[in-house]
Structure formats: C-alpha cells, structure tokens
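Lettered A, B, C and D in written order, each chain numbered from 1.
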C-alpha cells in the first residue's frame, strides 16, 4: 500500500502533462481544446483523490449506518460545479474555433499566423 | 481490493489519454474522449464521489460528444499539420512532469484520514449538516447552502459561456443557402429503428432528469446533473426528429427565458434573505422554521441551477446545429 | 431458501462474467467488423442480462431491484439498436460483410 | 462473487479499449466505445452493491439512458458528412475528388 499510496497523484501529474503537451505541441486548434479537456480532467482527479478517506463512503447520510466514515464533501462540491463549467467553456472554445474556420478557412495554427502576416 | 480496481482503471485512463494525443484523426480522438469520460466517471465513483460521477455521466456521455462532433462537422476531421517543436515541447513537458512528480512526494498518502484537507472545514460540514440543514446529502447541503456564493458564481460563469457561444455563432447566420435545409438538416428520419427507440427514451430521460433534480437532497443529484440530463433528452429528440421539431417543442425564446430566469431565481432567493432581515443567500429566514427555510432555499436554488444549465446547454447545441445547416 | 437464492445468484453472476469475457475476447480477436460486432453484442445483451439478474437476486425485493430492472430494460432496448445503427452505417459506407476475405485473413496470419 | 464479475468486466474493458486503439476502421472504434459504455453500466451496478450503497444505482441508470445519444450523434455525423460530400460532388464535379 505504501508503494501505491501516491499512484493517484502520479496519474494526475502524467495526465496533466499529456494535456499540456497537446496544448503546446499540437498545431490543430480542436486538438488543443481536447488537450485543455484532458488538463481539466487531471485537475478534477486530483481534487477527488484528495477527498477520499480510506474505509470511507460517499458523504450521503443513510439510515442505519453504524459510526460511518465519510469522504470529504468539499472537493466534490468544487469539482461537481467545475465539470459543468468545463463543458460550457469548452463549448465556447469550440465556438471560437468554428468562427476561425469560417474566417480563415483553416484551423491549423501555422496557417492562421501566415494569413495574418500577409 | 476496490483500490486495486481503481488503480487498474487509472492505468487505462493514462493509456487512453496518450492515444487521444497521438492520433491525428480528430474523430477518433473524440471517440476516445468518450471512453476517457467513462473511465474517469468510474474513478470518481470508486473514490466515493457519487455526485461528481453522476455529473460526469450526464455531461460526458452525451453532450460533450455531440458538441465535439458538431464542431468537427463544421471544421475538419483530420489534423493536417501534426506537431510543432516536438523535441522542445517534449523537453519542457517532461521536466514539468518531473517537477510535479517531485512535488507529489510531499503529499499525504492516498486515503490518509489525517491529511490536511480533512482537518479544516470539512468535519464541520459533516457534523453540522444534520443540525442546520437536515438533508442526507452533505454535498448538496454544502453546494446549496454553506457555499452558496461559489455556486452562484459558477452558475453565472455557465450563463456567460452560453451567451458567448450564442453571440459568436449567431453572427450572420440565417444567410445564403437555406434551401438545402431539407437535405442536410439534422435528423435521422430515414433510420426507422433508432428513431423509434430514441423517441421512446426521451420521456424516460426527462423523467429521470426531474427525479435527479428533486431527489438531489436525498441521493446523488441536483441542479447541475439534472440540467445536463434534461438537455440531453432534448438533444436526443433533435437527433431523431430534427432541429425544427425540437425548436417547435421548446423554442429558443423559451430557452433564453429559462437561462435568465434560472440565474435570476438564484440571485432572487439570495436577495430575499437580505429583504427578510438576514444576509445574502441565508435561507434560514425564508420560513418560520430555519430548517424548513433551508429546505425551501435549497430546492429553489437547485431549480434555478437546473433551469440555467438546461437553457445554456441546449442553446449551445442549437447554435452549433444551426451553423451546420447554414 | 436463502442458500438456494445465493447459489442461483452465484450461478447467474459467474455465467454473466464468462459471457462478458467471451464477448470481450471475441471483439478483440474476430477477423472483421461484422463478426466483431456479433461478439460485442454478446456482452451487451447476454452478459448484461445475466449479471444484472444475478445482482437482482442478491438485492431481493427492494427499490434497488426495480432500478436494476429499469437498467436491464433500457440496456436491452438501446444496445441492439446501437449495434443495428452502427452496422447499417458501416454497410452504407461500403464496408462489405465478406466472409471469404475474413477467412483468408485468418488463415494468412 | 462480485469480485469475480468485476474482474471479468474490467478485463473486458481493457479488451474493448485495445479494440478502440487499434481500429482499424472508425466503425470498430465506435463499436468499442459502445461496448465500453455497456460495461461501465455493469461495473457501476456491481460496485454499487460491492460498496454496500445500492442507492447509487442512479449512476448506472443514467448511463443506460444516455449512452445511446453518443451513438446516434456519431450516426448523424456520418450521415451529414456523406451528404456534404455528395453535395460537393454534385455542385462542382470538376474538383469533387479533393474532398477525400
């Protein structure tokens, strides 16, 4: 257990950086947005990992529970709202990409910069 | 044992993420993003976050796929230019990963009850929820009452994003080739079986959405999840019956009204607290009995959240679909 | 009676697990799209029915059983429809269910 | 017993993921995503019982209802793409080959 005690955080770090890589290295704008989604998901995972208590259960009270241990509700609240905000902002980003495609005829970053330079 | 399942699922998650970034076919990336969403919802569930998993289910399974595919239909399906500065990016990303990994060694171990996050306010929430608010779902209590300010802010962010998308995508639409609408408008009219099944499912999803909305005090659920589920029901209807019929059933003006009145309802409940002689978003004064007041306040603000989220997500969907036709 | 119910649910659950696994292996190993679809639908229907019925037997007469029943019905309606929709889309896109070609490829590899 | 079923479902998920990764056609990937969705429903149901909170079956129910939308969206996407290509070829047959 000691060995795997930090595994969730390692996965968080790797996912975060996979998302980051997609944002900095990929030229396609939709792919960059997918990278942002992965980055978001990694942060969600970090918060939810921190909320877990060993032997705990979801923080919803139930009749007949004997001395229950609950996981931390606070990070769950923050992430619950963040997921819906995340999809709304992703939609906003996609809207911008669609408009860029209509104005420039491309969604590849280099080509957009080249058109701008002209 | 469940922890081991979680670790297995996390490994699959990383593999999926790598594949998403690797592939140059954006359609494949969106499909893999669907799997990613399923996996992360399972992880949330294993980590005891039932409410969060339900939100991810409601948003990730239907709406996010639909939005990404809508955007792909309007742009292009393939990445033509792959990667820029591959080695530089790899060096930067790898070193950043190492820094973050180094930082994780200062973290308390997974599931440690003595971790700092569990010491400060969370025990107070868990202890006082039965006393002050008296609903079983502590997450809803914290979301609606204890941290009502946060949620109000999030609702307005969602609202603003919705306005932003409508603003961006309504620019000179309704233009040139409306005549093609019959041919290229969405709707799977010629696929009889999916159409019948889709129509069959719509009322059940709506019913389930309402159940999630109003059962949110007692089990996993609440306005955010319900809003996404109800929006998903209408999106399903639009997919099988076409845009026009959906807009006839629930016109855009109604959606606008839903968006605005949801946000106003939330703010109004907050102001009612001030008018009745307490502070903003204090529901205790809404009724003679403070606990009944809290119940009433939470139901009202959850309804507001649900209305805004439904309105925003459906408006976004319609904005993308209308672009598709023009 | 109790042991009988337990035994029944064990049988159902393990049979379900086996079907799920077989379908999964089939979806990976089968030679072409339509045969893979065939294998996948085994896990989607037979495996799901057995597993969910097994859990239902364990749950007894509670609200959970009703929810499981609802899940089962919705899965039984949607999964075959999704398979049908996918197969028709693939067929329209010009992927032929060519048995001879499939057999050749298996022999070749 | 629940553990055995859970492990079977997890292994099947890994197999479905492999199928989604190797393709070869996009339809294979869609098939794998659909299969993955059904397995998720099963896993949610079984783990809800395993952790002793059967009231969390709502999650499985949500997925059982919603997963279908993704598949329909994909179908619609293919259809609109085919329509668009057909239209472009009808509109200007001279450079119709460019679309692929």
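Heads up, the rule we're going with is that a contact is a pair of C-beta atoms (placed from the backbone, for glycine too) under 8 Å apart; a residue touches a chain by one contact, two chains touch by 3 or more.
Just so it is clear, the structure is predicted and the values come from calculations on it, not from any experiment.
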{"item": "Pair of chains joined by the greatest number of C-beta pairs in contact", "value": "A-B"}
{"item": "Separation of mean Cα positions, chain C and chain A [Å, integer]", "value": "31"}
{"item": "Centroid distance [mean C-alpha coordinates] between chain D and chain B, Å", "value": "19"}
{"item": "Between chain B and chain C, centroid-to-centroid distance (C-alpha), Å", "value": "29"}
{"item": "Centroid distance [mean C-alpha coordinates] between chain D and chain C, Å", "value": "14"}
{"item": "Shared interface positions of chain C, touching two or more other chains", "value": "74, 78, 81, 85"}
{"item": "Multi-chain contact sites of chain B, meaning residues that touch two or more partners", "value": "50, 72, 191, 194, 197, 201, 204, 219-220"}
{"item": "Residue numbers of chain D (touch at least two other chains)", "value": "13, 30, 32, 51, 53, 55-56, 58, 61, 65, 67-68, 72, 74-75, 79"}
{"item": "All chain pairs that touch each other", "value": "A-B, A-D, B-C, B-D, C-D"}
{"item": "Chain A residues within the chain D interface of the complex", "value": "57-58, 60, 62"}
{"item": "Touching residues (chain side chain B, partner chain A) in the complex", "value": "3, 6-7, 10-11, 13-14, 17-18, 20-21, 26, 29-30, 33, 36, 40, 43-44, 47-52, 55-56, 59, 63-64, 67-68, 70-72, 74-76, 79-86, 89-90, 92-94, 96-97, 100-101, 104-105, 107, 109-113, 115, 117-118, 121-122, 125-126, 129-130, 136-139, 142-143, 147, 150-151, 154, 157-158, 161-162, 164-165, 168-169, 171, 218-220, 222, 224, 227-228, 309, 312-313, 316, 319-320, 323"}
{"item": "Residues of chain D that touch chain B when the two form their complex", "value": "3, 6, 10, 13-14, 17, 20-21, 23, 26, 29-30, 32-33, 36-37, 40, 43-44, 47, 50-51, 53, 55-56, 58-59, 61-63, 65-70, 72-77, 79-81, 83-84, 87"}
{"item": "Contact set on chain D toward chain A in their complex", "value": "51-53, 55-56"}
{"item": "Chain A to chain B touching residues, read off their complex", "value": "1-2, 4-22, 24-28, 30-31, 34-35, 37-38, 41, 44-45, 48-62, 69-85, 87-92, 94-99, 101, 107-111"}
